[in-house]
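Provided herewith is a single structure, encoded as structure tokens, for subsequent inquiry.
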Amino acid sequence: MSKTDPGNYFEDFRLGQVLAHATPRTLTAGDVALYTALYGPRFALFSSDEFARASGLAAAPVDPLIAFHVVFGKTVPDISLNAVANLGYAEGRFLSPVFPGDTLTATSEVIGLKENSNRKTGVVYVRTTGKNQRGETVLSYVRWVMVRKRSEAAEIAEQSTPQLASAVAASDLVLPKGLDFSGYDWTLAGAPHAFEDYAVGEKIDHVDGMAIEEAEHQMATRLYQNTAKVHFNQFERAKDPSGRRLVYGGVVISTAKALSFNGLQNAGLVLAINGGRHVNPYFAGATVFAWSEVLDKADLGACGALRLRLVATKDRPCADFPDKDSTGAYPPEVILDFDYWAAVPKRG
Amino acid sequence: MSKTDPGNYFEDFRLGQVLAHATPRTLTAGDVALYTALYGPRFALFSSDEFARASGLAAAPVDPLIAFHVVFGKTVPDISLNAVANLGYAEGRFLSPVFPGDTLTATSEVIGLKENSNRKTGVVYVRTTGKNQRGETVLSYVRWVMVRKRSEAAEIAEQSTPQLASAVAASDLVLPKGLDFSGYDWTLAGAPHAFEDYAVGEKIDHVDGMAIEEAEHQMATRLYQNTAKVHFNQFERAKDPSGRRLVYGGVVISTAKALSFNGLQNAGLVLAINGGRHVNPYFAGATVFAWSEVLDKADLGACGALRLRLVATKDRPCADFPDKDSTGAYPPEVILDFDYWAAVPKRG
Amino acid sequence: MSKTDPGNYFEDFRLGQVLAHATPRTLTAGDVALYTALYGPRFALFSSDEFARASGLAAAPVDPLIAFHVVFGKTVPDISLNAVANLGYAEGRFLSPVFPGDTLTATSEVIGLKENSNRKTGVVYVRTTGKNQRGETVLSYVRWVMVRKRSEAAEIAEQSTPQLASAVAASDLVLPKGLDFSGYDWTLAGAPHAFEDYAVGEKIDHVDGMAIEEAEHQMATRLYQNTAKVHFNQFERAKDPSGRRLVYGGVVISTAKALSFNGLQNAGLVLAINGGRHVNPYFAGATVFAWSEVLDKADLGACGALRLRLVATKDRPCADFPDKDSTGAYPPEVILDFDYWAAVPKRG
């Protein structure tokens, strides 16, 4: 038996199968500092223990995207080591905040399998769940990915494509326990824009641009213990037409999210991921820009929530909101189309 | 109303105006590890909790320059987003040590305004104050910066240029409460050179050279939540004659300070910043060298203090102490001329 | 007297001399996060406080290689500032685990001196010991290094070459106090391969490849406060035939060790370093691959131990186990030949 992990091929998956992923991970202040150094986020809730305490929490939680990246990374060896493409996300929900000191583990259930007509690949749908050391579910999301078959001849017994919600319902959003924005300090947070100030359909150019270096995306991706070889193995990537290491899509998400501070200063707390697509590859050295669109609004009582579309580009400022055309085709400079819910304080 | 922060233009500032800056920041062991990884400092007081305890402190404080960079970073969106040039520092004092777990906030008071004769720009002088979560002032410094006007026609009502001290008086230096060097371990600290061993006028070549990569200065600058676009936006910088991202001057200061260990092993603790100028731009890839000159000495009782001039160069070793000429003009390889006070133990 | 440290030349060392190295260092969660970001290790014991507690420890210890690098870094200014080449390691033993919060100091005893026949250089053998803040020895190892003489004419009084063990005896291996693998979670650890599953002579290709950037090795090496100029001073290195900064060998060791997870998932805990040679230089940008060979096995009672040979290459996959030839000569792509003992749980 080989001791080297070959990863799963499409015919290795079974509907209903549950995979327990390796390498539990304790998050620390070191992870938070690296997240700040790699993306430059400025949302006060994750930056200051004092601000978090004034918001009803015990300390500054880690940005939910850190928890997402760490959980995602654990799934790679079991789900996407033999992947051709990461196709999408849906039904992502953040159910409990993560604090430094918490330890995350992850499992995935296979909820869909669909062989492609060429019989060389198939699409695997998994619902991944991250838990903390108390067994509380921290986050849950669906991902689908195109995976190679080991053998073209292999028969796939049971196939099924899951029904996925186009967005998480506002009634399914969960706020961190104790969260209380009644004494929110708008000045320390960086802007006076409250839930009431955002309108559905509003578009915001985040103006700033940020280049990402090879060292930076590699460090980010290793930090999440994500081992997908496309991000690190330059020797192998030299044979690809691009000749370049591909940047982990999560790095683009976190960079765009950090840029979105300029216009969404009070919308740092991601509550749900409705969907997301990496519509063009991103390679190190290009400058990332971003713009957002308000898709929906929901009053959660204790605070508001905005459903936001975050679009990122490479080497293309976003003053004119570059977007897909009427056929759904994206300009080559657009690299990310990400749909999420974020909590926003109400002016009250 | 645009939700994207346009920053302040010269005509937006008023004498006496106080700006409360956004994004409080809790410093952690993660920030300290990154500071070590990015610059390689070896001063024992900041490196070892045990050494700091033997010096009368509760734990290893963070290097005062970390606190400076973090506070400086907060001021950028309000003070220097539309800056043409960062002109100088003065009257910088470190008043209380910062420990991991402390949360810093910052405010700036406009203490001077002077429009340039071209009416397109003006110089803004601010006194910036950083406080911890107990409201104690951690540091205070004056910075002046040339800022664009939004409209050339705008009238500037009240103008004034502040009187600034050429150096912080020795009697205004404040040692960390409890600091006690009576049991100082010179061997662990790395050299036997005491306050008594340094002479006014003495020059020290720090010998070592250190290259800085794009990824490194970007990570450092993001860590301080300093968003000045010249450091990150390569797409925009490609239009500049240099074609390069400009390295944040604080990265040069910290690199040169770390190099200064070789010769100033016991002068790690900065007490004051008398002045500082970034006399030529520094771009990633060049090797930084540094030399120091002892400008003054002061006996503070519990320890000594050296007033030091720290000069940094790029791709130019400092055995011959490259310096400005008699007209005050610097060779193109000199990038920093920094004047500060540091505490140094006495042999006793 | 110059205040800049010139380092020791060969004739400055004396047999039996003990050098106390500078800059005590408190390790923190920040160091652990950076280690993860720089190498991408996935061994559960160092990644999760919960997993470590289930293994009988108080919390996740730091990877023993972090302690090794930090202790090694302290020795550089005193031992190898004037070195021509780092020749080898032997008799390395990890005697007590290191946890975040522990402070390390280091001393070295000169145990061998052998002048070369050209009288320009000589080989210095030191036994270096790292201790924690309680005075407990954390690790100990022998290193030998070729050092320049200041003066060719200098006479070397007493010379001697130490007898060094070819491997640490299994009976000399020390397990962390309390270590208990009886409830080992093979799934969380990433593979079911137990001590019983490995055979002497077995070879494992670790498959994955990892490029290292200039920024990454510089950050790693600064983090260990290792100041050897070959790693940082590009201005000086431009005069070398390679024209490149040399990557610290410890970066190669840690990268190869992290890659070895794929096949040695349960062999993360290094107990001893039997030997190690950097057989060819490694420069940033090349992709590191690795393979391992099981050299020996020992049953330690509470767990097993594998004596492993870890061979790393640059830009050369290891499916065919590239190795030295019958004359002992290595192919140019092989960069590391490292011999160590690791603890491995028994199936029981």
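The chains carry the letters A, B and C, assigned in the order they are written, with residues numbered from 1 in each.
We take it that a contact is a pair of C-beta atoms (placed from the backbone, for glycine too) under 8 Å apart; a residue touches a chain by one contact, two chains touch by 3 or more.
The model shown is predicted, which means the values in this text are computed figures rather than measured ones.
*Asks:* Overlay chain A and chain C by their C-alpha atoms and let me know the rotation angle in degrees, rounded to the nearest 5.
*Replies:* The two chains, chain A and chain C, differ by a rotation of 120 degrees.
*Asks:* For copies chain A and chain B, work out whether under half or over half of the interface numbers are shared, and give different or same accordingly.
*Replies:* different
*Asks:* Using mean CA coordinates as chain centres, what's the gap between chain A and chain B in Å?
*Replies:* 36
*Asks:* Where in chain B do residues touch two or more of the other chains?
*Replies:* Within chain B, the residues that touch at least two other chains are 28-31, 33-34, 213-216.
*Asks:* Spell out the residues on chain B that touch chain A in their complex, using ranges where they run on.
*Replies:* These residues of chain B touch chain A: 1-5, 20, 22-26, 28-31, 33-34, 77, 100-101, 103, 105, 133, 213-216, 218-223, 225, 227, 229, 232-236, 245.
*Asks:* Report the residues of chain B in contact with chain C in the complex, numbered from low to high.
*Replies:* For this pair, the touching residues of chain B are 28-34, 36-44, 47-51, 60, 187-191, 193, 197, 204-211, 213-216, 262-265, 285-287, 289, 315-317.
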